[in-house]
Amino acid sequence: MVSPILIIAIGLGAAFLLGFVNEDRKGIAFALTLAALAAMSLIALGWTLAFAAGNAQTADILTAGFPPPFAINLRMGPAEAALSLLVAATGFLSAIYMRDALYRHGRRAMAVLLVAIMALTGIVMTRDIFNLFVFFELIVIATGGLVLLSEDRRALAAGFKYLVVAQVISIMLLIGIAFVYHAMGSLNIDDIGPVALGFSGAGLALFLVLVALFLELKPFPANGWALDIYESAHPGFSAIFSAASGSAALFAADKVLATSPAWLPLATAIGIITFIGANILALRQNNDRRLLGYSSVAQIGLLLTIVGQRDLLGDSYLFIAGGVLVAHAIAKAGLFWMSGLVGHRDLKDWAVLRANPVLIFAFATFVAMLVGLPPFPGFYAKWDLAHILMAGDRAWLVALILIGALIEAGYLFRWFGFATKREAPEGFPGFSVNKMGIVFVTLLAGWTSGWIWGDLSANPNVLSMVPVLFALAFLVLEPLPARIKNLIAIAGLVGWFVFRYPAYDPLQLVFAIIILVGGAVIFLASFNWQGRRLGFYPPAMLMYAGLAMLIEAETSFTFFASWEILTLGSYFLILRGKMSEPHALSYIAFSLGGAFAILAGFALAANGTQPFEMAALADVAQTAAPYVFILLAVGFMTKTASIGLHIWLPGAHAEAETDVSPMVSGILLKAGLFGLWVLLMHMGQTQFYGINLTYFLVWIGAISAFLGGLMAIFQEDAKRLLAYSSISQMGYALFSLALMNHLGWLLALMFVINHYVYKSMLFLAVGGVYARTHTKLMYKMGGLITLMPFSFVSVLIGIIAMSGVPPLSGFGGRWVFYNAIMTADMRLPIILIFLSGPIGFLYLFRLIHSIFLGQLKDEHRKLKEAPFWLLVPQMIFVLFLLAFAVVPGLILRRVDAYISTFFPEGGLEWTSGGIISEFGYWNPVAIMLVIGVIFVSVFLLLLWMNHDAQKVKQFNIGFAGERPYRPETTHFAWNFFAPYRKAMGFLVLPVVTTFWNAVTDVLHETADFARKFYTGNGQTYALQALGFVVVLFLIGSGGTP
Amino acid sequence: MKHMDPNFRKDTKTEFPQREELKPRKVTTPDGQVIDIEPLQDYFCQEPPKVHQKSYFKIVEDFYNWCRAESLWILAFGTGCGAIEMRPLMTPRFDAYRYGIQWRATPRQANLLMISGYLSVKTLKRAIRTYEQMQGPKYVVGLGSCTINGGMYWDSYNTIKKLEEYLPVDLYIAGCMPRPEALLAGFMELKKKIKAGNAEGANKYAEKFDWYKANQKAVIKDWDMPDYNW
Amino acid sequence: MAEIAMMSGFALILLGIFGALTNRNLLRMIVAFSIASTGVNVVLVSIGYLPGRTAPILDAAVPLESAAAQIVDPVPQALVLTAIVIGLGVTALMLAYAYSLFRHRKSLDISDFTELKW
Amino acid sequence: MVRAFVTLVFVAILGLAFGRLALDYVPDAALNQTAVHYAELTPPETGAQNVVAAIIVTYRGLDTLGEVTVLFLTAAIVALVLAQTSGPTKGRGSGLLPSGELLQTGTRMLTPLILLFGIYVFVNGHLTPGGGFQGGAILASAALLLLLADPVRRFSHRLLSWVESGSGVFYVLIGVFGLFLAGGFLDNRILPLGDFGSIFSAGAIPLIYALIGLKVGAEFSSILESLEEAEDH
Amino acid sequence: MSIDWPRIGYAALTLFIVINYGMIMTALVRKIGARVSGRYGIRIYQNYIDLVKNIALRSKITHGVMYYLGPVFRLTGGVGLLLFVPTIYGSAMWSNFSFAGDLVLALYFVFFGTLGMALGAAESGHPYSAIGITRGLSQVTVAELPLALAVFAISLQYQTLNITDIVAAQQGGIFNWTLFTNPVATLAALFAFVGTMMRSPFDVVIAPQEIPIGPPTEYHSSYLALMQTNRVLFPIAKTVIYMNLFFGGATNWFEFAIKVFAIYMISVLVGVVHPRFRVEQSITFFLKWGLPVGVLAILLV
């Protein structure tokens, strides 16, 4: 193994050597710089690999040949090796990235860069506190130099501000070091014995050291100078500043803190405040680099929090902190590098990235890494962190971290939305190849790190799960035509179903049929799209992969990973819609909020045990159980869009693409239901202060069913109407599930099946209409029945089925519902359900009337029937509904029997003459037959009498002696249920939306107010830094200085 | 008559601009294709009315006619002052219900059109539409002298004089205005006529369709409807 | 002795910081920081001082055998040298920056350089 | 005004903190273990008379290397900063009057002496107070004198750069030699320790100090010249 | 599946009896109304004449397939509803097709005709139809609520959803009727009954002058004839449900006739003395009065 000191020696030596190079021979100077950085990286890499392979021991490198504390020693352990690699590699890549700037500024700038990287590795490795100070000062000065690489003239002022604050910090640090030396008699960090938390003598000295180190981490709110640097510096340098400097400084703080665990709470407090504060401030940023700066600050804050928890984290500390750190560093470096590709500084200007899909993919990857989504390191780290903290009774911290992470996800995904949806600037000159290359390398590093962390994790590696790999394979297949990809996708779904079929229990089977087979059927509609359809199949398949894994998940980890994967996939899928940017954002915000609740729930339930079997939910301790239940239920209910958590759904479903809407509505919502199912299966009887928690779910379900339907009837947008209807239907399902009896569950399952079928069908039908009319506003359509008969039939059948009118399958649901509530304990919520049934009828009628009946419009007179491929799945659904109406037992019998294992009582009896319950009976075949015969007879009668009716046209109506002039004014469709609105409108006041708007507004306003704090005045920044010290001192010493 | 401009009513030369909504127009479809819309063709059925044969069996036709007579559904459509005379028919004093007479609000379901008084040209247009929208067999009863010869409005610039020139009138009830008793008597007459199979106004209208149209168009100068309002 | 030095060192630091944070002129700020740095150095040296001892140079006056009892702590002295050099470097850098800022903006007022904010 | 008040309050509280540090400060009665080690083992281990020099060059050699780097960096960055700055373009010295004959002659006389003194200081660094930094600074003061006396005078950039880089590279190389030939990076024992108290003793310390002196001198000169040149553009 | 021909015969007979009964009874009801206001009123057989006249219309128009099918749906709804409910208690044959489903089927099949009619009327493209439909649907959603609650209450009370069983439980004396064993539920159900019979004060749906009789404004001739048939059939079918659930059912056709008439008269009597409600007023009315009673009913069981 090469001595790690050579990293420093090479960096320094090369920096000095650059002096020999003629000022004009920039190529040589650059080559030398790169060679040195490469050598440094390789040494670090060698060590990292050696540690990874277990071939190396932590090594102490003595300088001057004397042992510490008399001489400075360096240490090379796994963490040091990895960090050095990170630093050096970032430096190397940034150097390539900044080639033009470095050429422009000459060998001096290269030397400064080399020294900076060298000093960063020095910070990482040194074990001497004063040496640490020296390296820090080197960083300060080098930063002062590298800031100048920017073409932004404002960087100069930023550099000066930075220097001013750095002066204040170094004063603190130096005084602290001096007194620490006085107290300890040594400058070696290992000799700084445990210093008790106190603010006099050694304590105060250590406080000064720590506070200086924290200030180096740019804690909120004393970090304005750093943000100015981020904003104005060359992105290549910002990448170093964020990824490498931040990490190194953090490691320094960690080193010092490790000596005195008593001070850890200070780190935790500062860290979490920084994490949340910086994230809130980032909300209001429009400047990409400044936003990245805030995000960097926040991430470092999170890391500091984790450092503060190292006493609890124990062996997992490195894994967790490393995971977050690596994710942060790679993603942030990648994003800063990408920002160099973007010509302008507004977030919306990132739309230019769309010129290259790989860049969008990279952007998505980096965002996912920062947010901590699978399969990236942050995910595993977050999982373990939450578990350990929960087990250590630090739920409050988990809550704060998750809130902060949610805010961060909010602005990052908003930004991603800008990039994918906003107008790309015109006259785009193209991307620099080497900069793009660097981004791609980072991208690769990101995925590699994901694989590594997955491999290191005690839990299964997400990247080795077959469905995920299959989904990711579509990234490679992207150049193929959409139809071939579609075929592969269908084959994949069906193939996986066939492959897994024997392993499913009946419940899983039903969900698997819906997800896999149902997904395949919906994919038939995707044949309608030609070309390559970039960016559709990977997220779609990712979603299906998540869903497929979800229903098979046996441990909480697999479950949660699948959950996150399907969330991520569906987000990208929803985002594809033309106008879906804000809706996709609220979708991901709510979904992640829900996911975090689930994470917290699982963590609380597991109480430290890993892997945690899902079935073990039943054995959660009495004290924790209700909280676990609530957290998980809230999490799952965000996905089923229960009332209060529903506002993301209408937009997300309505604005999605035609074949995406059925996927996210018909299939994705079932994930939440499946989660609830599993939850109730294991924890159904959880009590909270003596009240059965399912009571609340029953109420929530009923209210969702009612209000969802009520809101649906007031929609003018067809897809929105269907979306609200989903809220209502999911409310039904939740209600019936929470009834906790045999038929309730059977009913829920019927809803699962039925909702999939008719919602997919209706969404496709409406989508088909949309494909022709280019509008979703129902009042702009009308009279399409003759032009689109097939679409009409599927909507008609869908409506009959959905409203529960016999003889179609919806009635079976109602029948089971009545039987189910007969044995339920709750009566009041049932009123709402009773009311929502007919309300469903209202909006469905509105749907079919406004689109297909009434007056045909001028511009629609020549429309064609919906595209063939959109009709194919619809017709399959029609056939299915008819078949399911006659022989519901085909599927339900098995499930009925399966449910008996949970509720032996109250099952159904399946006889040839019908289905018999405890209270009633139902013979689908007879119903179908009787109604059919009557219908046909009456029809024939009418035909006999009225066969010679004259077919008239749409204006031939008795119009009180007048006649219509325009179809628009004759089609009664807008504000269709005006009387209803008069009577019940008060119930659909946007209270929930207002509430969530208020929440975001408060956050935004806070951010807007707080950022005024960053006046841009260097003195103020310095004053803030000073204030930070002073306030910490005051608080720490209990206000009695 | 001497003060009347003979060309006033029968002027067919002057071209009146068609209503904007009924002019052919070009419309861009959602796909960006430009299509022609011919409102009168596209939105209205252009079939001429048909002459409907009576039932093959006389006895059936007689039975039907009896039923038609005993089930007179009057369109609630008032044109002039006579409308006020029709209301009392429903009151206990006259109780038209007992004769199987009812009021229907929609021409689709009514089979008796009462022109209850003078008919201005503007109202004539509506009356024609309404009549054509009723399903045959259908009957027209003119109420009061105004429908017979114009009555006191004989030289009005704006009312028609002879209703039967425009619609096939089955029965006139004279008077200015006729009292409800007269109306009842008129209905009885109409019933008789129907039962006798003589109330074939709808078929007559179809047979002499061109004549009626010519008359109608002669007075309705801004004719802006299809020839037959189905 | 040492206490006085230390106190005056601290006083210099506080004065320097106060000056740096209240004077808006860049050059004055730099001067103020120099004062503060000097204060830090004074404090640093004063920490290593032991009353009644001599400089850590082992010549005839300070034989090796009794050195431990005769010399002051040499470490802070070594540190202070480094600190001075670093302080010098930073000061030089700040001066260069100030010069450059003045050249660009024709102003030495720190509150004029607030185009980056929020 | 508000800012001044807030600053005052903050500084006052910081003063309280410092005051607490100072009040709690009790001078050690004896040297601490590290210092004792240095006091007792410096001569045997490094052969240097000046304990501080030994600490600077050997024990804490890495710090010193860092220090040198600080200056190196500063020089480089000052040049960078000033290179970005477009000052008045009036030519060399920007119209400053050349100094008088008296001053120039004096300068010429003094410069060698100063240089000599500087060299003396860093060569004897391991024996007496002083060392590379001090010596280097003295060397640079000669440069300052020259510049002040004749604002138009310029040194050879190339020379400064070579001296600076050469001494830097050599310094690092010595450090690396230590890695292979002696106990570790920057171990001064790559050269024989020699007689205690003589000029050629203490292993590589004098060499390193010399290099530091040269480097510091070159760097300071380079900084000064950069600042001076800034007026030229 | 073997076809039970006699049952079909009985079903046809039931249909025949009920239609004729309905024709006469509705005429009778109108006549009673007329007599109350001092008129002679329509002839008792007037409904038949109107029916035949409509069938006998010579010209007909159609607006499209759904328009054509609307009345078919409507009548199928009425006939089906009647046949899915046991008409005469104690007779296997007069129970018609009630073997196909229980109370739930009856409750939901009510919507079959409504839906079809709404679709058909809507295809006529007439704004009045659409307005009428929105009114009707809006009103019926809330008006049916007390019934749903009452039904829930009594099915809880009798622990069955089987109508025959519910009727059986009410046999053996008038005080065994749900009317007396559960008056609150009956009251709730009557709210719904009055609300859905399309009589004043809840008949703004078919406001004759404002939106010429609402949904069926374009219907005429045989379409109208089918609807007229349904109009006499459907209320009776509904009344039969009420009779079975709350008034002890009927053991023979005579009892059937009496009870249906009596129950039917409830809505008539309410109607003649109350002016019309606007739609939102009726919604509010049912929420304010019908709903609490319904809630009380299910809470008291």
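Per-chain numbering from 1; labels A, B, C, D and E assigned in written order.
The definition used in the following text is that a residue touches a chain if its C-beta (ideal position, glycine included) is under 8 Å from a C-beta of that chain, and two chains touch if they have at least 3 such contacts.
Treat the numbers as computed from the prediction; the structure is a model and nothing was measured.
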Comparing the two chain pairs, does A-C have more C-beta contacts than C-D, or is it the other way round? C-D
Centroid of chain A to centroid of chain C, CA atoms only: how many Å? 49
Centroid distance [mean C-alpha coordinates] between chain D and chain B, Å: 116
In angstrom, rounded to a whole number, how far apart do the mean CA points of chain A and chain D lie? 54
When centres are defined as mean Cα positions, the distance from chain B to chain E in whole Å is 37
Multi-partner residues of chain E (at least 2 other chains): 59-61, 212, 217-218, 221
Can you tell me which residues of chain D touch two or more of the remaining chains? 3, 7, 11, 14, 18, 21, 25, 28, 32, 34-35, 38, 59-60, 63, 66-67, 70, 73-74, 77, 81, 84
Among all residues of chain B, those touching at least two other chains are 45, 50, 106, 108, 230
Which chain pairs touch, all of them: A-B, A-C, A-D, A-E, B-E, C-D
Taking the touch rule as given, give the residues of chain A at its contact with chain C in the complex, in rising order. 130, 134, 137, 140-141, 144-145, 153-154, 156-161, 163-164, 166-168, 170-171, 174-175, 177-179, 181-182, 187, 224, 227-228, 231-232, 1011-1012, 1014-1019, 1022-1023, 1026
Sites on chain C touched by chain A in the complex: 13, 17, 20-22, 24, 26, 29, 33, 36-37, 40, 43-44, 47, 75-76, 79, 82-83, 86, 89-90, 93-94, 97-98, 100-101, 104, 110-111, 113-118
Enumerate the contact residues on chain B facing chain E in the complex. 45, 49-50, 52, 63-64, 67-68, 70-71, 73, 76, 92, 95, 97-98, 100, 103-106, 108-109, 111, 135-137, 202, 230
Would you mind writing out the residues of chain D in touch with chain A in their complex? 3, 6-7, 10-11, 13-14, 16-18, 20-21, 24-25, 28, 32-35, 37-38, 41, 45, 58-63, 65-67, 69-70, 72-74, 76-77, 79-81, 83-84, 161-162, 164-166, 168-169, 171-173, 175-176, 178-179, 182-189
Seen from chain D, its contact residues with chain C in the complex are 3-4, 7-8, 11, 14-15, 18-19, 21-22, 25, 27-32, 34-36, 38-40, 42-43, 49-52, 55-56, 59-60, 63-64, 66-67, 70-71, 73-74, 77-78, 81-82, 84-87, 127-129, 131, 133, 197, 223, 226-227, 230
